[in-house]
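In this document, chain identifiers A, B and C correspond to the written order of the chains, with residue numbering beginning at 1 in each.
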Amino acid sequence: MAIEVKNISRTYHAQNTKNGKVAALGPISLTVREREFFAILGPSGCGKSTLLNVIAGLEVPDTGEVLVEGRVVDRPGPDRAVVFQEPGLMPWLTVRENVEYGLKLRGLSPEERRERALQYLKMVHLTKYADARPHQLSGGMRQRVSIARALALEPRVLLMDEPFSALDAQTRDLLHDELQRIWSETHVTIVFVTHNINEAVYLADRVLIMTAPPGQMRRIVRVPFARPRDKALPDLGIFAAMLHKEIKEEVAKVAARELDPDWTPASPQQTLDPAAGI
Amino acid sequence: MEQRNSVDREGRLRVVALQLAFMVVLLIVWHAIVAMGFVTRYLVPSPVDVGKAAYDLFQSGVLWKSVGLSLYRMICGYSVSLVLGTLLGILLARNWVAKATLGSLVLALQSLPSICWLPFALLWVGIDERAILAVVILGATFSIATATENAVRNVPPIYLKVGQVLGARGFTFARDILFFAALPEWLGGMKLGWSFAWRSLMAAELIRQDALGIGRLLEIGRAFNDVPMMLASMVLIVALGMAVDWGIFGVLERQVRRVYGLEK
Amino acid sequence: MVQKQAIVTFGLALTASAFAVSLLGVVSTAQSQNKSFRRVRVGLMPTLTHAPAIIATAEGKFERAFAALGYGFEPVILSSGPAIMEALFAQRVDLAYVGPGPAINGFVRSAGKEVAIISGCSANGVAIVVRQGAAIANAHDLAGKRVAVPALGNTQFLSATAWLNSLSKVAGSEAATRVIPCSSSDAQILLKKGQVDAAWLPEPWPSQLEAGGEAVFLTEEKTLWPEGRFPATVVVASRRFLDENPQIVAEFLRVHEETVSTLQTEKERYIPILAGELGRLTKKSLSEKVLSRALQRIDFSTEVMRPQIERFYQLSLDCGFLRRAANVQVCDMFAEIRRKEDHTFELMNVGHR
C-alpha cells in the first residue's frame, strides 16, 4: 500500500450558498498500490485536484487522513513530488539549477546535485539545455524539466495534476510515451489527475472515476491492457468510450445543476471513433 | 539570435540619434527665439546663459557640494525607507491583522505628500539634517511598502506551491522563492520609491533654506532673481533624476526582465 | 526612411518650440497688461522699517494723492525683499519699499532695465540679538555661529553672510549654510531650541524677542558700518513705470517725503496706528512699549545713502551672489524726478553727478 486515503472530505468557503460553505470533495477512501500508475478522472470541479493536493500535503482535509507508506501526511514531504499543470520553473534559475534546487534543500553536496540533476535531465532528454533559462524552452520542454525536477527528488510517489493538459496534441503524445518509459524505468508510484479519458486509459493501471461534486468515488476501473500499449489499438478506444459514457453522466449532473432547467443532454447516438483524440 | 541583436542595436541607435537631433533642434530654436529678442532676456535666458550659469556653479565648487549633499541625503533616507518599506510591505501582504490595521494607515499616509511633514519635523527636531531625512523617508516608505505588498501578493501561486513541494520553508522559502518571484515588481516599487524620495527631497530643500543642496540652488536663484541659475538647477535636477532612473533602476530592471524572460 | 524620420524629428522639435513660444507669449502678455493701468500698485512689507508706507497707506494718503490724478491705489503686502523684486519683475508692482540688497540685485540682474532707486525710507533699525546663554559678547564672537535672518537673499541675509565671511574667511557657500532664513516666529523657536545662536532682524522683531525674553540684545547693525549709518529700506520704481508716469511718481514721492518727515519728528504719535497695522498684517500682537523701543533704533529719512548702497553692491559681489556685469554700472541705479518751470516733470539719472 503506497497511499491510503481514508474518508477524506473538504469544503470551501463560498459566498452565494446558504451556510457559506460548499462541499468540494468526498468523503472518499481509496488505496493506491506500490508502483502503480493510478489515474483520477472526473468532471471539472469534482475535487480531483483537491484530492491530489491533500495527498501532496498542500491542503488540509476537513475530515479523514492520508497515509503514504504508513505515515500520516500533514505537509509536503520529500517522499511525494508534484508536477503541476504549469511547469512552474523558477525563471531566476537555469534549467539545471531548477532541478538541483530541491536537492540543495535536502543538503546534497554541489557535486552530487549536479550529477543527479544531469542524470534526470538526461532521462527527459534535455541535457543540452542544462544551462538555458526556462523562458528559452518550449512548453513541452518546460514540462519535461518539471518532471525531471520532481523525479530528481527520487520520491516514493509522483503526483501529477493534469500535467499535459496545457500542451498541444503532438507534444502530449510524445510526453505520454516518455512518461510511460520513465515510469517503467523508475518504478515510482504515480497518481495522475486528468480529465482526458484517452490519456487515463492509455497510461493507467487503474482509473478512479469520480462523481459530480462533491467528488466521491463512482468506481475504480482496472485497465486490462498489457504494456507497452499502442494508442492505435481499437480496444483502447472502445474501453475509453465505455468510460466516456460514465463521465458524461456525471458531467450532465453538473450541467443540470448549473444551466437553465430547459437543458437536456444531447442524444447518445453520436458515433464514437475509437482512435479519436488520444 | 546574433542577427536579431544587431538589428536591435541598430534600432536603438536610431532612436538615440533621433532623441539627440530633437534636443539639438529644440536648443537651437530656443536660442534663436531669445537671441532675436522676442522675450525679456533676464526672464527667459538662452541655453547659452543657462550653460554659463551651470559652468559658474561648477567652477565655484558649489555644484559638486550641492549634488554631493543631495545625493548623500537621498542615499541615507532612501536606504532607510527601502528597509522599512519592504518589511512593512511583506508584513501587510502576509498578515491580515496587519493589513486590516496598519494597511489603512499606510494608504492614508501615502496620500499625504511627505513635504506636509516638514513643519512638524521643524517643530520636533528643529532645523537639522534629520528634518530633511524624515521628509525623504516618509516620502518613499509608504509607496515602497505598497509596492512590496503588491509584489508579494502578485507572486504567481505556482511558485509558492512549487517551493513548498520542493521543501522550502520559513526563511529559506522567503529568501529563495518569495524574494525572487516578487523581484521584478518589487524593483518597480523601488524605482517608484526613489522618485518619490527625490521629489520629497527637492521640496524639502526648496523650503528648508538653511542647508546646501540642489533644491536650494534653485531657491537661491529665485531669491537673487537669477533665472539662468534657476534653469541650470532645474536641468541638474532632471539630469540627476534621470541618471538614477535610467542608469541604475532602468539597467537593473532590464537585466532582471531579460533573465526572467519577461522581455526579448 | 531616414529622411522621413529626420523631417518628423524636425517637425516635432518645431512644434515643441512653438509650444514654448506660445507659453512665453502668455508671459509677455501678462507683462504688457499694465499698459492700460487704472491703479498704482505699491509693494511693501509689514515691518517697522517700512513704517512710512504703512502709515501713508493706513491714513489714506496714497489713495487720495493718486485719486487726484485719476488713479486708484493698491497696496501689495509681501513678506520679503526678494518676493517684492519678483513682483516688480512680473509687473505686479509699480513702486515698492524694499531693502537695498534685493533692489541692487534686481537692478543688476535686469541689466538696469527694471529697477531704479528713487528715494530713501529708513536708516538703521536692524539689530542682532543672541540666544540666552550663547557665549557671544560682541559681533566678532559670531564667527562660526548660526544666525537667523528673515529671508534668503534679503538685505539682512546679505549683511549677515558678508559679516560672517569677514570673520572666518571661508568660502561664501560655507558661511551661507550658517545664515538661516526663517520667519520671525520660527526664529523664536530656533533660538529657544538653541539651533540658532543669533538673529539678525529688522525692527520690531529684535525688540519683540528681547521683550519676550527669548534673546538678549547684542548690537545694532549700524555699529558694523564705518559711517555708523546704513539704509534699511529704500523706495524703488519699475523703470518702465518711471519713464511713462513721472507725474504719478512725483506725487507719490511728495506723499512719501511728507510722511517720512512727520514720522521722524513725531514717532510716538504713530505708535498706536503702527501697532494696529502690524498686528493686523502679521497676526502678532506687538506692545506699544516694544514698538516705542524699536522706533528709537530707526532713523526715517529720504536720504539715499549712495556710498552705503554701493557698498552693499560690493558685498553682493564678494559673497558671490552677483557677478560683475560689464554693461551694468551701479551709479545708473539712482533716479530723481524734477519739476520743470512749465510744471512738467523730468526724469533724471542722478548717478553721474
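Heads up, the rule we're going with is that a residue touches a chain if its C-beta (ideal position, glycine included) is under 8 Å from a C-beta of that chain, and two chains touch if they have at least 3 such contacts.
Note that the structure is predicted; figures quoted are calculated from it, not measured.
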- Which chain has its C-alpha centre farthest away from the C-alpha centre of chain B? A
- Pick out whichever of the two, A-B or B-C, is joined by more C-beta pairs in contact. B-C
- Give the identifier of the chain nearest to the protein's overall CA centre, each chain being represented by its own CA mean. B
- Mind checking the centre-to-centre distance between chain A and chain C? Centres are C-alpha means, answer in whole Å. 84
- Query: From the C-alpha centre of chain B to that of chain C, how far is it in Å?
  - Reply: 38
- Averaged-CA centre spacing for the pair chain B and chain A, given as whole angstrom: 48
- Message: Under the stated contact criterion, what part of chain B meets chain A in this complex?
- Response: 158-159, 161-162, 164-168, 172, 176-177, 180-181, 183, 259-262
- Tell me, which parts of chain A touch chain B in their complex? 56, 58, 76-78, 80-82, 84, 86, 88, 90-92, 101-102, 105-106, 133-136, 149, 153
- Given the complex, residues on chain C that touch chain B span 5-6, 9-10, 12-14, 16-17, 20-21, 24, 27-28, 31, 82, 85-86, 89, 102, 105-106, 109-111, 113-114, 151-154, 157, 171, 173, 176-177, 179-182, 186, 189-190, 193, 195-196, 320-323
- Message: Which residues of chain B touch chain C once you look at their complex with the stated criterion?
- Response: 14, 18, 21-22, 25-26, 29-30, 33, 38-44, 56, 60-62, 65, 122-123, 126-128, 209-212, 219-220, 222-227
